[in-house]
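One structure, as structure tokens, below. Some questions next.
Which chain is which? They are A, B, C, D, E and F, in the order written, and residues in each are numbered from 1.
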Amino acid sequence: MPSFALRPLKEPAPMYTVCVRGHVMIAHSFQGELFGPAQRLHGATYVVDVEFRRAELGPEGVVIDIGRATQVLTAILEELNFKNLDDEPAFANQNTTTEFLSRAIFDRIAMRLDSGELGPGADRLSSLRVTLHESHVAWASYEASLGLARS
Amino acid sequence: MPSFALRPLKEPAPMYTVCVRGHVMIAHSFQGELFGPAQRLHGATYVVDVEFRRAELGPEGVVIDIGRATQVLTAILEELNFKNLDDEPAFANQNTTTEFLSRAIFDRIAMRLDSGELGPGADRLSSLRVTLHESHVAWASYEASLGLARS
Amino acid sequence: MPSFALRPLKEPAPMYTVCVRGHVMIAHSFQGELFGPAQRLHGATYVVDVEFRRAELGPEGVVIDIGRATQVLTAILEELNFKNLDDEPAFANQNTTTEFLSRAIFDRIAMRLDSGELGPGADRLSSLRVTLHESHVAWASYEASLGLARS
Amino acid sequence: MPSFALRPLKEPAPMYTVCVRGHVMIAHSFQGELFGPAQRLHGATYVVDVEFRRAELGPEGVVIDIGRATQVLTAILEELNFKNLDDEPAFANQNTTTEFLSRAIFDRIAMRLDSGELGPGADRLSSLRVTLHESHVAWASYEASLGLARS
Amino acid sequence: MPSFALRPLKEPAPMYTVCVRGHVMIAHSFQGELFGPAQRLHGATYVVDVEFRRAELGPEGVVIDIGRATQVLTAILEELNFKNLDDEPAFANQNTTTEFLSRAIFDRIAMRLDSGELGPGADRLSSLRVTLHESHVAWASYEASLGLARS
Amino acid sequence: MPSFALRPLKEPAPMYTVCVRGHVMIAHSFQGELFGPAQRLHGATYVVDVEFRRAELGPEGVVIDIGRATQVLTAILEELNFKNLDDEPAFANQNTTTEFLSRAIFDRIAMRLDSGELGPGADRLSSLRVTLHESHVAWASYEASLGLARS
């Protein structure tokens, strides 16, 4: 069945996604000529979408407990909210670009998944995607499988 | 060329997508402590996006007849609109969560594709994605290849 | 210059507005042939915007304490959330249409303003507007001066 | 005709509006316990809508030259973009709240209107409204007649 | 209490609004140097919002029959949809700008209101507003009282 | 570990995405009965999103220079803006459908990537996606790996 063998390379496997949204308001500056005036201290509102993906629904018919997912997102954003990220030790010597922060929030959610905070079924999640909307004309995201982290 | 051989595993194959939007207003309740107050009879507006994916355009330069696609989506949503889903035999003993309904609408569109309602070219579609927006801060989706269903 | 004398009647006086957003998911049904299939038990997600208007800013440079405003909106929406409005005594013999609910939420916010829950400066608000978005293609609102209620 | 005499008090006069959108990314902090954690240095993306209102269209069928209006908005936002507003002399001893900044941008547009930068027809504008969206769940605006400023 | 006497001049009277949305895709060109490259034949998608305003709800708890309102909007947009407006006799020698079209659609809705197509209660409407979104960064609207047309 | 071996077929590899938005207003007509009234000369506003994807961030912490990316998108849209696409030699004998134009804009961006206009790091991009929103209820996109074009 060569057509079957090739198909998964091209097309999405069956997948459910649930997404929750929050936001955070921070200050920061960037290092590097590339950034032009954004080298100055400025700020951003990031509207943050977190997508949780799973191949099959749990017995209750859900991907994940959306209440807990929202609590976890809120808690992670609270760690960053109303801060100057230039002063955060966790981001020392880093440009906290929109794409970098997408990954940083991804990693913090993955850690809380591993510690069980999202409840039963969270170990069945196959991947996450975190998207940060920085304005009505620009956004960035980071997505990855959760498989390697667990194996 | 090992890099060529590996690349398709990581990156999207060439793909066109067309998406149409509709909406539906329903009542339902959920079974299970997980749902907290959503165990009570309540309701939702779902804004529904259906994405049709195809590797190459047809002779007219389209993925699918968007007029027919919209008609099919409207017809499927009409089956659910202004109803209490707790009373629908098709959903007996099911929590009609946002993710469950994404799949249910996916299946109904796939059935109409198979029966020819979307016209010529519909057999060239490789996959579908159905997304239900339940509010400005949460959505769920289901996506899958159409290949297995047809083989 | 009679046109100058009349102008203030036609054009907006100087006015600041602050708006906060929440949402609520409810079930209900409507009485009357006008409503067609919406006479059946169904439901809606309402994305709710509340606008607070004031002619001059307070000493802190704000229209109102936006934190308290959000708390008050959340508390009011919690009274309705995940409920079948057909069973609510407060709405007995009423069609809980989008426009009716805009007014009902307006009244509940005005009551909490009067009881001091929104803090200092709330007595300087001149008017409110409450908008309920029921889908991506329809919304309703109610707006009114707060002046008469206080005199 | 008492109904005519009263009507202007309640209903809008005929009015055309044209709105253009831009955005700005800034840092700032607030003074006052009211602001809680927003007393810390943080930041925001403001998506800025400017509405130009006029009772009758000009000979070309427009409220204003939308190209010039966009240039003026861009120029004004450039004065603030990628800055720490705490360091701006123009805002010394001010909380640069969303509502305060709506007014500040209103005033800067009104000044450029008066200096003729928006071209012919700008003197026929009756009012402006400036709205700053600070997130997907909050915005503020300032609106006022342009009549008094010119008389 | 002169401030009380003046207040109604400045603040909104109690008012309900219901809004429905549709869209239309047209070609056109503009006459006049002001328009720069838009003097060439080009086109636009207009997402059209129509707001119906009324001081008190009817016996069913509605501003207007929203089903009929949507039908009327659809019918009016159908008159323009997929056309080159430069060839429309109704718009001869007119620049069909976004603001001009807002008024043209306003007038067509007002005519249908007068002919009774929106059903009982439509004669209680006090004003209409028509907004055309031409992109994610620009819109125009026209609003007016319905009173004079009827007296 | 067969589950490990299969996983990459089903799940996304780690991937960063940056997206910028622009828009274009064009006229065109379609050939073919399928299109019904869209066979007439009409037009559209396309709100255009371009996603740039890359497996790892560059030394500055970015996927791509977002300033240059926006310039390139603006330049490409300028080639089409305020035109009748029926008269464009590049599109002769083509239906310039939303999906076709998604591909055409994809190809023009890929060409500029190859010519170095997006600066250092652009050769590390793995894929692009171009999405054209034609209204609030329909969009189309084209996405593909950039690998083959470079090998």
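In this section, a contact is a pair of C-beta atoms (placed from the backbone, for glycine too) under 8 Å apart; a residue touches a chain by one contact, two chains touch by 3 or more.
The shown structure was predicted, so the numbers you read here are calculated from the model rather than taken from an experiment.
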* To do: Work out the mean Cα position per chain and let me know which chain is farthest from subunit E.
  => A
* Asked: Of all the other chains, whose mean CA position lies farthest from subunit F?
  -> C
* To do: Report, in whole Å, the distance between the mean C-alpha point of subunit C and the mean C-alpha point of subunit F.
  => 41
* Please report how many Å separate the Cα centroid of subunit A from that of subunit D, as a whole number. => 34
* Asked: Hey, how far is the Cα centre of subunit B from the one of subunit F, in Å?
  -> 24
* Asked: So which stretches of subunit A touch two or more other chains?
  -> 9, 13, 15, 21, 136-137
* **Partner subunit B, residues of subunit A touching it in the complex** => 3-4, 7, 9-22, 57, 60-63, 65-67
* Interface residues, subunit F side, partner subunit B - complex -> 8-9, 13, 15, 30-32, 34-36, 53, 55, 94-100, 102-103, 126-127, 129, 136-145, 147, 151
* Asked: For subunit D, which residues are in contact with subunit A within the complex?
  -> 21, 23, 25-28, 37-38, 40-47, 81-84, 134-137
